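By written order: A, B, C, D, E and F. Residues from 1 in each chain.
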Amino acid sequence: VTIHIINPNSSMSVTHGIDRAVDGLRASSMVPIQCHSLEGAPKGIESQAHIESVVLPLLEKARDLDRQDEASAFIVACFSDPGLALLREQIAKPVLGIAESAVLTAMTLGQRFGIVSILSASVSRHMRYLGAMGVMDRLAADLPLELTVAQLSEEKTTMARLSHVARQLREARGADVIILGCAGMAPYRRALEQEIGIPVVDPCQAAAAMAIGRVAYSRMNALDGEI
Amino acid sequence: VTIHIINPNSSMSVTHGIDRAVDGLRASSMVPIQCHSLEGAPKGIESQAHIESVVLPLLEKARDLDRQDEASAFIVACFSDPGLALLREQIAKPVLGIAESAVLTAMTLGQRFGIVSILSASVSRHMRYLGAMGVMDRLAADLPLELTVAQLSEEKTTMARLSHVARQLREARGADVIILGCAGMAPYRRALEQEIGIPVVDPCQAAAAMAIGRVAYSRMNALDGEI
Amino acid sequence: VTIHIINPNSSMSVTHGIDRAVDGLRASSMVPIQCHSLEGAPKGIESQAHIESVVLPLLEKARDLDRQDEASAFIVACFSDPGLALLREQIAKPVLGIAESAVLTAMTLGQRFGIVSILSASVSRHMRYLGAMGVMDRLAADLPLELTVAQLSEEKTTMARLSHVARQLREARGADVIILGCAGMAPYRRALEQEIGIPVVDPCQAAAAMAIGRVAYSRMNALDGEI
Amino acid sequence: VTIHIINPNSSMSVTHGIDRAVDGLRASSMVPIQCHSLEGAPKGIESQAHIESVVLPLLEKARDLDRQDEASAFIVACFSDPGLALLREQIAKPVLGIAESAVLTAMTLGQRFGIVSILSASVSRHMRYLGAMGVMDRLAADLPLELTVAQLSEEKTTMARLSHVARQLREARGADVIILGCAGMAPYRRALEQEIGIPVVDPCQAAAAMAIGRVAYSRMNALDGEI
Amino acid sequence: VTIHIINPNSSMSVTHGIDRAVDGLRASSMVPIQCHSLEGAPKGIESQAHIESVVLPLLEKARDLDRQDEASAFIVACFSDPGLALLREQIAKPVLGIAESAVLTAMTLGQRFGIVSILSASVSRHMRYLGAMGVMDRLAADLPLELTVAQLSEEKTTMARLSHVARQLREARGADVIILGCAGMAPYRRALEQEIGIPVVDPCQAAAAMAIGRVAYSRMNALDGEI
Amino acid sequence: VTIHIINPNSSMSVTHGIDRAVDGLRASSMVPIQCHSLEGAPKGIESQAHIESVVLPLLEKARDLDRQDEASAFIVACFSDPGLALLREQIAKPVLGIAESAVLTAMTLGQRFGIVSILSASVSRHMRYLGAMGVMDRLAADLPLELTVAQLSEEKTTMARLSHVARQLREARGADVIILGCAGMAPYRRALEQEIGIPVVDPCQAAAAMAIGRVAYSRMNALDGEI
């Protein structure tokens, strides 16, 4: 019994980042929370090709984890929620995606959420997904950082850019809650929130918190079924 | 430290029903879950007048509970989510409403939710609320049972009617997940789900499960702040 | 027989402002138009707490006015339309809110309305309300003046800021009609309209004009019933 | 100074019907309300060809009326609102359409309006128009009577069919206010409203009432301008 | 130079059916139109698992076809449009999906389209897709035939059921154009259209016709580039 | 048998421009493509009055062309799509509008389209039309060039302004495909596309390409009918 968070890329450092991001939730979870990389997957998910390439391996990985150690819930930890519909169809356990969870969480923290994406290329994908979720009227805007990988590793540059984009979302586009549109920005969450004065949601943390609730929910149903 | 569920009417039997509905979640919660009636409130919330009459007392009740025993989270347990915006503004703790929680949960279990309401009079109120939530495109339909209070107490009649309406939502209106649009229908949830073969969400259970996750989330943030 | 405009705060100067704003309509009304403050209410409505605190007193006030002098219609004169649903449920007379009336009027004067709000804090509340009204596709944007109370009293500063924000709504966000998002901006309406060249709607005037029509409508129905 | 209601077809009996429908409003109007047929227009507006054929003659008629007797406001009295955009662009007076006015009025009387149309052929046209108005989320459904002209003249058949369709809108589709989707159904309004127990809006009456308010509004602005 | 239609399942009879469905378009195409099955794919696409399993093979197939015989355009011939985003990203040729093409075509033939699906299980998937396309306001309803495979092979039963469902879409849900929600219903198109009197769109034919236009478009651009 | 493109204004130079814009499509069309001006129409379509004045003459022109030389399809070549609903009702041939065709084409090339209009006055008209089309969620923004006629004739100024506005649509408003919102901007299409790096759609070319497909489609149906 475990909440398995699967980072659908093969970057160990991203997986470790997710692990640290959700660490503070472990004390409140009845079951362990484990983070996994997807071996053989791309180093990062930046295109539709990357997304499609990880969908079936994600399902395999989830099935393996379920066999080894009966899973309590799964989280797909990429902001495009690759394979979410498939895993939900194939696995009779709670399955959450970090983008969906972040959006649903933001909908309880403000009226219009702004998304900070890494690259403009992913914005179109997000729009398609938010349309499928039927929540376009709650979107303030989705603006990209447009940082190169090199720049992303410089903390000061990244923080400055995050802060600039989040401020635009709040001031010019009316966002009253911000979603970090990527699995690896958790370390900036608190500082950004303090600076701009509206809630900032890290999607991995939002999904893990929601999964803890969902595990409680399915345990209740299991018990209920036994009676 | 407690999750406080406030039934904003004064009916002890409704409060006991909610208490039983969420009982199976207690084993998975790090903090106690307590259910409260709102003394002096109407016996049931059936009109806008009832809603408005409980908003300020709800805030008072929540503040009292918070003083007595520092609250971890609050749940407003009436499907119109009375006072939700107020409590969120005034209390720096997670506050959830059962209607909002049921809708957000249903959005992860299907693509179009159907709502079973007690009376047609509440349907208009729900439409206004779902519009404010920006999720009208995810609604299949909201259909009323139109049962009198006398009929509601007869289990067979109620189950037959629930089953009829849920079937209509699924077959004629395309719902693939059903929300019970009232705080007191939990005892029928499992049987209804088995009969119609799509997920059925009890809003109190959905909110309590979500609150367990949200408590985990705010504990993490508290810890994070200490470092 | 009177159209009663209730300013749901206790500021006499705001009430006098509303009175002046609608004065030009009196010559066209078959019934007197009276403006009232709400004794005991906050000096201004700036938060959800303020809104909730005036809802029940508003109903009491309306009932009192109706008893003293049979009312023809009621107008709630705060841009959050507090208590509108309640008054409509409880009082069998036309009840209008200034925000709703302004939006419906603007929908006949242009295709996309822009709202000028005082503070960004109220924008989220407006978004929730426009969502409930189902008119988000007609909204260009809602931008705040972000003026302090001290600044608001300086006419030149306020006019300059109004003009700047309205211009942004028209030029960058495509508004072709502007709504003043507060009960006290009527004195600037004409000058602003002349400056930016698109219609500018004062919500109190829009509601009072609509009420005159609604009084005619209910008189017709009353007559019709007598036959 | 007059509110001119132009029936854009050439049927005198329809024009007389409109005249009777708004008669009860005259006592509350500061200016006369006159109804006009459009000479040379089709006997009824049942197709896009009919609509387009009356647009320019409508503008000519409005200009003529304005020259003869300075107009206070114009109403286009056909539920497709032909020429509304044109008249608004060309004539610097308030111009209202009966469909738009009925919808805006219904939006203050309920949360979801149902429309009773004569023929299914007009439903598509209405959908396109409601889409342009951006109010699809407020629509319950638009259902046709599907009566032949011969049947329409039989009062009992028409009332029975109206009542059947309105009941469907209320019970199966969740309408809480009904709009009569044609200029000639006013004689049935009161009886239908009493029978189904939710407000029923006649579009000509809604537009005329709104015009009375709008005349008051433009008079105020004219006065204001003189100072 | 060829328009390649790829049936993403391995059923030769479905592929032959598509081939016959588009045969009448060949005389109007400047390039050959070829239909292909996807070897190794499921016999039919009935689940998310089926969809995901064909996405990468579809891309491989498309690349192979492009290498053998430079492609002019690709059509994905399954009403879930599997792999559409991927092929568009990876292949610099026009790529169309039959569901998207059918919807866009229907949007020029009526105001509200109704979809006839085979199974209710696919309706949720369609809703998610139509949401992503942002066209929910144009949807009348999506109703399933709910026929077993055995029944589908009986022509009379299928025609009777198609006719029943299409009639419901037209009469009870206001559809003024019907989309056949599956790649294999073309043989019924004409008869159904004649029977219900509104346009009926076969998605394979809609996509192939649109592809002919798109091939013309890219040829023009190629020429334009050479100059 | 011909695809007739009718420029609903009387400017020969605009008609010649359209002719050149679609010239590269002729090699791929089974039928000739002819462009026509509308004699007696305004020199340009800039107001609702212009639009309404051309609707009936457009139908006459189309009928004349159909009599002289049986038409295969008609295209209305003005970005307001004047008379589209009328021609579709009255003529049993494919009829396309350039605005609708551009939008439907853009919906296959990106997720959010931005429109470059000439004047802000037309933006409101476009919004109303996109609302009627039900595609507001796919719109990034519609921004005007605000160039005078004199400036439009200077190529450098126009290109600079086009490039500035398109860049704003892409960078600040999230457009991933651009639509030229007027019949006469085709000469800038390729250069603009190369400069901003996302697809740019000329509406006349989009409509003509779509018409080629639609002609193929109706030929197939004609053949099919003969059997």
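One rule holds in what follows: a contact is a pair of C-beta atoms (placed from the backbone, for glycine too) under 8 Å apart; a residue touches a chain by one contact, two chains touch by 3 or more.
Note that the structure is predicted; figures quoted are calculated from it, not measured.
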item	value
Labels of chains that are neighbours to subunit A and to subunit E	B, F
Counterpart interface for A-E, drawn from B-D, C-F or B-C and sharing over half of its contact pairs	B-C
Equivalent interface positions on subunit E and subunit F, same or different at half	same
Rounded Å distance between subunit C and subunit D, as computed from the means of their C-alpha atoms	26
For subunit B paired with subunit E, centre-to-centre distance based on mean C-alpha positions, whole Å	41
Multi-partner residues of subunit D (each touching 2 or more other chains)	125, 128, 131, 133-134, 136-137
Chain-chain contacts as defined at top	A-B, A-C, A-E, A-F, B-C, B-D, B-E, C-D, C-F, D-E, D-F, E-F
Subunit D residues touching subunit F - in the complex, by the definition given at the top	47-49, 51-53, 55-56, 59, 83, 85-86, 88-90, 125, 128-129, 131-134, 136
Contact set on subunit D toward subunit C in their complex	24-25, 27-30, 96, 100, 104, 107-108, 133-138, 190, 205-206, 208-217, 219-221, 223-225
Residues on subunit C engaged by subunit F in the complex (per definition of touch)	110-112, 137, 170-171, 174, 176
Complex contact set, residues of subunit B against subunit D	120, 123-125, 127-128, 131, 136, 141-143
